[in-house]
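The next part holds the structures, each set out as structure tokens.
Next come two complexes built around chain A: one with chain B, the other with chain C.
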Partner chain A sequence: MEDLLLYLTNGVFMGSTYALVALGVTLIVGIMGVINFAHGELYVLAGYFSALCSQALGFDPLSSMVVAVVLVFFFGLVIERILIRPTYGQEMYSLIITFILYIILQNAYLVVFGPYPNKPPNWVNGASDILGLFSYSNQRLASFAAAAAVIAVFMVVMRKTWFGRVIRSVAMDREMASLLGVNPERVNMLSFGLGCVLAACAGVILTPVFPVTPTVGVGISLTAFVVMILGGLGSLTGCIVGGLLLGIVENLGVAYISSGYKSLFGFLILILVLFFRPTGLFGQKRL
Partner chain B sequence: MGGATAPWNLGRSHERRRGMSNYLKLMAILVALATAALGLAGSAMAEETIKIGVVGPRTGTAAATGAAFDEGIALALDKINGSGGVLGKKVEVVFEDTAGDPAKAASGIEKLITKDNVVMVLGESHSSAALAEIEVANRNKTPFIIAEAWHDDITKKNYPYVFRAGPCNSGVVNDAIMGFVKHYGFKRVAIFAENTDWGKGIKDLAETGLKAAGVEFTTIDTDTKSQDHYTELNKVKKFKPDLILAFVYGFGVHYLIAQAGEVGIVPSQALLLEGAGPPSLWPEFWKTVGQYGNLELFVSRMHEKVMLTPVAKEFDAAYQKKFGKPPTDYKSRSIYDVILIAADGIKRAGSTDSEKLTKALENSDIVVCSGQVKFGKEKGSYAYHQWQPPMLIVQWQDKKQVVVYPMDAKTGDLKK
Partner chain C sequence: MQAAAKDFSKPLGGESAGWLVILAGFSCLPFVLGPYWLNSAIVGLFYVMMASSWNLLAGFTGQVSFAHAAFAGIGCYTSGILSAKLGLHPLFGLLLGVAAAALLSLCLGALCIRMGGIYLSLTTLAFSEIVRIIIQNEYDVTRGTMGLVVPFIVGPYSKTTAFYIMLVAAVGVVWLVSWIINSDMGLRFRAVLNDETAAQSLGVNVTRVRLNAFVISGAMAGLAGSLYGHYLMLITPHIPSLDMMFHVLAMAVIGGLGTMAGPVVGAFLLEVLSEFVREFSDKYHVLVFACVALVFARFAPQGLVGLSVNWWKKVTGGKRST
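This part shows the complex of A and B:
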């Protein structure tokens, strides 16, 4: 029983990280129709920034994280203005542009930061005994709490605030929103920036657990795409459910079937969901 | 008339001038071309080199090996070219990044052989990549000396152009790891192996060795790309091992060690022996594994205090002089060694002809950092064209490296 509890706990932890990464991709796809191939590289960039801030500048963990997220937000705005905006309406172009960006960023990280893993210091050290059943890393628990908080705040912003309503209105009907006085270009820009912030939040929260390397972004992006399709293109709720489902299925698969084919379980569940429900778990474009 | 002549003259002189101008332009172009051609020929003559290809990962999970290779290459070229090169020519290295990907590796070595026209290829650090590369090298009849890909099949295929001057799985498991397990009397061993050619190969050998020695064991296969091992480690914990053999290469083993500490296995319940070596020496090791790195063990062909040959001392001094720090990742020395073997082979062959080179390599008898190189000549097993350097088992004790096996190279006692 304690084994199952450990597998589920770890599944929920991993799932929350998957959901957090996938939310940013989904937001950008849902509103702008842009598939950002470089999403994982923005995660990595935030990880590097937080490590640099804490190691080279001596910032405390929270300040390092805030600075990293803000820097990535502005970097995202620059990308949107220079690279993405000229491609609006031409999905293939934006796909190619972000793909090239991913290659450039990955190589730039290799040149600037070197091939070695990089991480900021842990916020908390050691491990806790969970209900006397198993030992679990304190940093993982802290990262889980932070990821859950960011997801909760994001959902509240999207559902309860004026800003969220504006974004959702553009996603539902761009022309009507425009007629009602919403500036779609500005919404696009802010949505892209917000998507980058989510990638950055995931980066700074998870880097103490999983250090960043120049190439780790590929796996991050792939997982985000799997979760997005699993949950249903453009569905934020789908992202959260899809992320948790993926995390739990992976862990149970490793525990009870085989640990050598961990990535296979994600694709199996994806195929099954798409077979029975081609639009994903929560349909599409329901923000 | 004058009016008629003037235009004629004018036209004539204009044409002549134009003709002269064209002539001068033509001359100028010819002179420029000749100068350029001479310059090119001159520079080609001045820069005529013997090209050697090196394959290895500069990207991917073991990109740090590429950095180590770069250091070793620089030192080897300093040594060889500093003493006049080989056959009167300087040696030049062309590096091809293989990222541990077999497809990339196969196209990379093909490019080195057919486009860059290298006379020999060296290197590699991933077995999956090397197994793809040996097919290309052998088909093209180009000598290929593997430095650090351990799978037995690389030399077991008995390809005439393929050599390995580095560890192989059988050598590492049978000589070093099993000797260590038996000597220190470990009773229950958990094998943690990545699902790559190297991981599967070394796992099979370890299982066979443990079974023969009557040691109880369990095996966990893990996805080489996975960063999270909590669930797998829980299975290991329940088995209650006193030793974990971690056959996970690259940064993945850092995550494994840290997480094994977090779930309470190492070092309190079991020691962990990392079967690949260099990742435990990479600069970010301690930052990633934290206190759980203490008492960790790893297989290595280098130790800061164990100098097997005078060449090792020479390498150590040259390394410290060039990079301002002591060498850590032993793969800088592995590639250094194979470049010395290659240069020696070319010298003795007196030619870059592949048949003569292969023959010369077969008869190698040269002292490098890790010992005296002599390749196996008898076909029928992995020992053909194989030279196994002696391997050490080192333990981190308060961030100091202590050799705990083999006993004749021991620098301290094993701590549990």
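This part shows the complex of A and C:
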């Protein structure tokens, strides 16, 4: 019983971070129709930035995280302006370009940071007793709280504020929104940057728990893609539900079936979704 | 079929004389090159098959698949395991390798192609990683990253034999691609590429056309992979990796997507270039390629072949006006 609860807790923890990463990809897909294959690489970049800031420059954890996220945001804006904007309306080239970008970034990290794992110091130390059943690392609890907080803030911004309404209007009908005075190019640029910020948030929140290496990015991206298809392309709620679901299924699968094939469970879910409900859990529009 | 039979002669007329001269020059290579560069030529021919068949998919039907290297891996592991463990003749294993790649591409394609381009790219990327992970983890069968030792294609080991076999296969693949493009199936491919809705309204079954292209190119990748594996005599999870996928993609993009000559030019150019870059430093080799490919994809999506055709048109046009 304790074991099952521990696996479920782990699943929810992992799921919240999956949701966070997938929200970034979904935002970019929903608004621009562009898949960012380099999403996981931005996660890795933020992890490296936060580790460097706290190790080399001696920043405290919070400010090194903020610096990392801001840097990745501007990096995202540059990518959008130089590489993505010219491919609007040509889906194939945006797929090819972001895939090449993923290869470039991965190899650049290998050259710059080396193949060794890198991590910033933990925010908190020790472990807490959960309901007297099992002890759970405090850093994981703190990371979970941070991920949940970022997701909550993001959802409130998208649902309740003027900025979120502008973004959603472009996602719904680009031409109508531009007739009503929204500048769609600027919205694209901002939402790409915002998607990168979500990847970066996940990166800085998770690197104390899972150290970054140059090659972890592709796994992060793939998980995000599976969550996005599971939840329904373009659905933000779907991402959160899908992320939690995938996290729980993966952890139960690793615990009770086989630990060598963690990513296989995600792929099985992907196949089942494509077979039985290709629009995903919350997808309405046929894409 | 009538139209297909008529166009059948098309690749053999006109400009095909140029192709024949190049081919004749190529078949003399084993007498000219030393073993080191002959090896490069064979690897180059493997990449010609990979890039041409990927181009059939991306360049002519507009679908970006990231599972091409995975299908090559499925081909080479099917054929390699059957011939190494069960003692099957490699040529027979080769056929089964192609069949396995075709069958899996049919399953994968049937699953995601009806949902459109984005789904295909996402699913093939996930599939590619899964294939690599399974091959890496099933140590008992595939010997993981250590690599599986497999027999040579035919008879005793000889680079010259391997070169001619690869040359025949590569010419076959390129010819088949050009034949398909000029047949009425190719007409449907281009109709789907140019305007999906219009093609559908004229009675073209878009999903089936895309599935056809996906399966044909997957089978070709399986063939290329099996031959390559039996040439190397040691197959590793590098063949179904995303790194390999990137090389194929870069060759097609730099050479020129949607042209017949593009992937051929790109494959040889990058293979020769990679020998020089590797001499300089192995660490930067992929990074350099990726940057070049990015510049092409962003600023010259028509590729080298497209650029030279445009330049030629400009030059000859200029002559006419003076």
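Throughout what follows, the second predicted complex is superposed on the first by the 283 of 287 C-alpha atoms of A that agree within 3 Å, B and C clash if a C-alpha of one lies under 4 Å from a C-alpha of the other, contacts with A are read in each partner's own complex, and residues count from 1 in each chain.
The working rule: a contact is a pair of C-beta atoms (placed from the backbone, for glycine too) under 8 Å apart; a residue touches a chain by one contact, two chains touch by 3 or more.
What you see is a predicted model; the values in this text were computed from it and never measured.
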| item | value |
| --- | --- |
| Side-by-side fit of chain B and chain C on chain A, or clash | clash |
| Chain B versus chain C as contact partner of A:261, first or second or both or neither | both |
| Touching partner for A:272 - first (chain B), second (chain C), both, neither | neither |
| Contacts of A:153 with chain B and chain C, given as first, second, both or neither | neither |
| Partner chain in contact with A:108 - chain B first, chain C second, else both or neither | second |
| Touched partner set for A:99, first chain B, second chain C, both or neither | second |
| Partner chain(s) touched by A:136 [first = chain B, second = chain C, both, neither] | first |
| Touching partner for A:118 - first (chain B), second (chain C), both, neither | first |
| Which of chain B and chain C A:229 touches, first, second, both or neither | second |
| Steric overlap of chain B with chain C in the superposed model, located at which of 130-138, 274-282 or 310-318 | 130-138 |
| Residues of chain A that lie at the interface with chain B and also at the interface with chain C | 110, 219, 260-261, 263 |
| Interfacial residue positions of chain A with respect to chain B in the complex | 3, 6-7, 10, 14, 110, 114-119, 122, 125, 127, 134-137, 140, 210-211, 213-216, 219, 251, 254-255, 258-263 |
| Footprint of chain A on chain B - complex, ascending | 58-61, 63-64, 66-67, 195, 220-223, 225-228, 230-232, 234-235, 238, 251, 254-255, 259, 262-264, 282-284, 287-288, 290 |
| Residue numbers on chain C that touch chain A, as the complex places them | 58, 62-64, 66, 111-112, 114-119, 121-123, 125-127, 129-130, 133-134, 137, 242-243, 246, 249-250, 253, 283-284, 286-287, 290-291, 293-294, 297-298, 301 |
| Chain C partner contacts - residues on chain A that touch it in the complex | 29, 33, 35, 37, 82-83, 86, 91-93, 95-97, 99-101, 103-104, 107-108, 110-111, 218-219, 222, 225-226, 228-229, 233, 260-261, 263-264, 266-267, 270-271, 274-275, 278, 287 |
